[in-house]
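Okay, structure first, notes after.
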Amino acid sequence: MQIGMMGLGRMGANMVRRLLRAGHDCVVYDRDAAARTALAGEGAQAAESLAGLVQALAPPRAIWLMLPEGAITQETLDTLAGLLAPGDMLIDGGNSFWKDDIRRAAALSKQGLVYLDVGTSGGVWGLERGYCLMIGGPEAAVQHLDPIFATLAPGRGEIVATAGRDSRDPRVEQGYLHAGGNGAGHYVKMIHNAIEYGMMQAMAEGFDIMHHAGDDHVAESLRLDLDVADIAEVWRRGSVITSWLLDLTATALAKDGDLAAYSGQVNDSGEGRWALQAAVEQAVPAEVLSAALFARFRSRRNEKFAEKVLSAMRAGFGGHVESK
Amino acid sequence: MQIGMMGLGRMGANMVRRLLRAGHDCVVYDRDAAARTALAGEGAQAAESLAGLVQALAPPRAIWLMLPEGAITQETLDTLAGLLAPGDMLIDGGNSFWKDDIRRAAALSKQGLVYLDVGTSGGVWGLERGYCLMIGGPEAAVQHLDPIFATLAPGRGEIVATAGRDSRDPRVEQGYLHAGGNGAGHYVKMIHNAIEYGMMQAMAEGFDIMHHAGDDHVAESLRLDLDVADIAEVWRRGSVITSWLLDLTATALAKDGDLAAYSGQVNDSGEGRWALQAAVEQAVPAEVLSAALFARFRSRRNEKFAEKVLSAMRAGFGGHVESK
Amino acid sequence: MQIGMMGLGRMGANMVRRLLRAGHDCVVYDRDAAARTALAGEGAQAAESLAGLVQALAPPRAIWLMLPEGAITQETLDTLAGLLAPGDMLIDGGNSFWKDDIRRAAALSKQGLVYLDVGTSGGVWGLERGYCLMIGGPEAAVQHLDPIFATLAPGRGEIVATAGRDSRDPRVEQGYLHAGGNGAGHYVKMIHNAIEYGMMQAMAEGFDIMHHAGDDHVAESLRLDLDVADIAEVWRRGSVITSWLLDLTATALAKDGDLAAYSGQVNDSGEGRWALQAAVEQAVPAEVLSAALFARFRSRRNEKFAEKVLSAMRAGFGGHVESK
Amino acid sequence: MQIGMMGLGRMGANMVRRLLRAGHDCVVYDRDAAARTALAGEGAQAAESLAGLVQALAPPRAIWLMLPEGAITQETLDTLAGLLAPGDMLIDGGNSFWKDDIRRAAALSKQGLVYLDVGTSGGVWGLERGYCLMIGGPEAAVQHLDPIFATLAPGRGEIVATAGRDSRDPRVEQGYLHAGGNGAGHYVKMIHNAIEYGMMQAMAEGFDIMHHAGDDHVAESLRLDLDVADIAEVWRRGSVITSWLLDLTATALAKDGDLAAYSGQVNDSGEGRWALQAAVEQAVPAEVLSAALFARFRSRRNEKFAEKVLSAMRAGFGGHVESK
């Protein structure tokens, strides 16, 4: 079916490619002309402007927005709303804040426009593996767009079926989920990323401890010289922590067990912060999530005011001199 | 090849079965006669006593101990050492403390005995999937026992190979690793379990937040009614947190999204505590590991002295009355 | 000087009493007639309505709002704004969210009204000890109200002066601080409470560990039977953790070392949550604050969905049965 | 009364001075001759050797060991035990591990020697303020040494008495506590320090958040420029977090609000680690303690292997480039 794609970065461009391969009709737009041209050469129809994008689509139009977090401004939405007609659909596939989704959907619906929030996981592997989709919005629109979602999703693949799902929504096993009304899609994606943060930090701590098992300050009889690359690899088979994140870790460590190419300054995106906010709003304890988020904050800090406060107190009560 | 197995619980018995299927010659012993008889009926040679176990094996003997944590007493080791001859091998496949391994190996080596510590992951699925083995001890013994390890391990399977491993130890990709000298096997298993704790807690927190997304105290316009079983399932395809732990969660939630069969009192084994101890000894921060461990402690508590201290202070400074 | 007080709960009523004792002229209002009558009997002038409160004050009027968190609605502010005249002052002494202060102050200033946000610490002891005041708003109004602030504040007392403050604002040593523009007062109070949470939780954990030092599962040779009431008391003299919170703990434990009168269900107010939000917005790690907040969340929970998720996974991979 | 002091560092020397001022008879020894000479000039009797120290004391001798953590070796104890006679007393006033106390006391008692473990808090202020003493060991020896303990302790001072203590041990209100049998003294001191860690970290986080309230990345309308020195000072009067640690913070910040003299590399001593170990052994959650300890670990780290693992995973699944 026909779909418009606005935003042709790594994610958006690959999603278009996956849709084109399945025979869908894609009209694309990006502020960057080179990005548009590239996809035009691969079979998409490139529009020169937002207005051009809208005009090239047959009603009811469906435009998928695949923009960086924070890039969907009210101005963009107003512009689009001015160009679209009742019954048209806007799909936000980026990492928006779920409360914004609820607000936007309500505002757009007054103009007869339909808004869907779609949490999209897949990263650089999505083109080949497909994208795990978590969809929030009205069921009618979700059903209308089913061919698009089904193509973008990974499909059943060779993954062993989960017992007891026979009477359940079959779309889920294809890798796309209608999670609920507006906001639900990005909410579920937000929690996915929060879990991801926690799992990554668990992995990081474990490898860190092993990395230091042979440190000089360890008593010589207890010192262990561990090959973390081999350890990551062996855990890929038959262990409880078998996971894609472990696969990625094994690949990175096989290349360089010291990971010297990295500085260790780790960004965080909005999802981790929003998930912590959701936990607090619901009075749900989330120690692992918060620890994982704070570890990323710490990784990027160069100053140490908190620690200086500690040192100042220690100097005050005990005359303690700082470690060098 | 021939091997003795002492301890025929769920793990030990299934390991014997896996070895028998591959044609190995297994002599088995357990204090529980029924456990011995069961395996005798499946092709193993059952011994009536430790002495019988030793006598039934041809030197150099190899006896695999598959006992619950803490069950390998000094007395057991002394008894075994008294029965064995120089060159014989003891393999501790349970969850022992790695520093005990180092101490035991040194003591046994004085009598010419060889000790191996083998972290064994696989649980109830090991019989079919194989056991991920993390081995500590002298290379000669590890090589001698290679047929046993190779059979117990999962093998390559259909898991995609990690790039850049061509020149590395091929055993690792079969699912067994000679991690280093004594202690290294259980150390690596200890860290494996610590990562497991953290990953599990990350998952638990995420599902907990979603479980409460529709709570009454959430503003009605923001309330979401999420199907956590479907969410777990959709994440199995194409998401970043794809993992065996997620598969297991999806299976449990498909059966009952409320998990009503569980009380939520979660045990912890020694590994999590030892890993935290290792982190502290090495001055490595381990916030996620400790949070995961403490969450298990809290899950089993019925009393609230710490919280009462908080309430008493709040009453003292603010006249605050407790929540009911 | 003359001041109006709206809200005659424990805090508001005692603040009026402290002001009356110092000779200030207090006009008071509360929705509860009994509260008004009580203070009228102690020398205050009671108004029957908000309008009456405003009329009883001479311009430029100053009205101190001492209401529970969340009780200052836009409607109340609109009503007050309709009654007041340019140059009049509204002082919010409750625990409002600092971003609300900034928004409100801007809105009210368009009508020529002055808004002050005053974080007020003191609890049930404020009447005698005075209230620690953290003030946000324009300096002119802060100076105008100085007699009120100086009376409410504790004053120098017998607290040892801090070296190096000779050239600094002398009000601070009297126990009131003009922290900055609007929002700054409640921001500083918010952080005060966050620190309070963390200090309280530190205390709670320490006493909890000691409370369990003689538990049955501790090896008998290591079991200690500690008197936590005496311990709290001895630390009040010469130890590093000497503090008012410790004094309060010692008092509570002297009464009952088991704190049996408390259930251990601990409320949290907005400040802890807002402080965590501020930390996240500024990318500042705040592990202790978040841990303290989550401990309170946990203290009030009866359900254990997160823990059930853990148990379900453990049953799935290891056949583990839950602790009873 | 007469007492021997071994170890004349900052703590030991000042304790001798406090004892001398009260008229006690102090025989002192330190490996450093200058330290001995200094105190000899202040009225102490200096011994040239351990043997000399023992000879200068009349039986039953009492020798107070005030040595850095880890400095009390088995060799020292053996030497002392060889010189002493049954009934003599050894007092370990340093920061020893409480399980070592139990072991040592048992060993020494076989030779008729009495061992006391005394947690000593007071730091550089102890000479003037007195030392808070937490004593473990047999009551008879504690009573025998009462004049020493009473002198070293702060005494009642002007601290308000805690209600409900009339029938309790009066020594406690003088600032010294017989906490229990051997080990109890250092156990209580260990928990004291753990609470201290947590309170300090709570303070550090709060000041850190305020330090960043005016950061460039904060929206301009929400940016606050806070004077942390004044804030610390105002909290000293009438606030809930009034404490000695706050006094010390206020002093340090009055000198320099940026604490530029400090690097922020914060040492930790054994107590924090042992307290975490005790919590784990007793299955008591201790999130704040562990967070405070880990924050110190992090403050001293220059390498970021854990964080590199995170970055490597992020590069693997999302092509994410690190923050610079």
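Going in written order, the chains are labelled A, B, C and D, and every chain counts its residues from 1.
We take it that contacts are C-beta pairs under 8 Å (C-beta built on N, C-alpha and C of every residue); 3 or more make two chains touch, one makes a residue touch a chain.
Computed from a prediction, not measured in an experiment: that's the story for all the values here.
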Identity of the chain that, by mean CA position, is farthest from chain C:
B
Taking all residue numbers at the chain C/chain D interface, are over half used by both copies (same) or under half (different)?
same
What is the distance in Å between the mean C-alpha positions of chain A and chain D?
47
CA centroids of chain A and chain B: separation to the nearest Å works out as 31
Provide the list of chain C residues touching at least two other chains, using ranges where the numbers run on.
123, 125, 201, 203, 205, 207-208, 212, 240, 244-245, 251, 281, 283-287, 291, 294-295, 298, 300, 306, 317-318
Please name which positions on chain B make contact with chain C in the complex.
10, 123-125, 200-201, 203-205, 207-208, 211-212, 244-245, 248-249, 251-253, 258-259, 262-267, 287, 295-296, 298-300, 303-320, 322-324
The chain A residues in contact with chain C across the complex are 240, 268, 273, 276-277, 280-281, 283-287, 290-291, 293-295, 297-298, 300-301, 306, 317-318
Sort out for me which residues of chain B touch chain A in the complex.
99, 102, 121-123, 125-126, 129-134, 153-160, 162-165, 168-169, 172-177, 179-181, 183-184, 187-188, 191-199, 201-203, 205-210, 212-213, 215, 217-218, 221-222, 224-227, 229-231, 233-247, 250-251, 254-255, 275, 278-279, 281-289, 291-292, 294-295
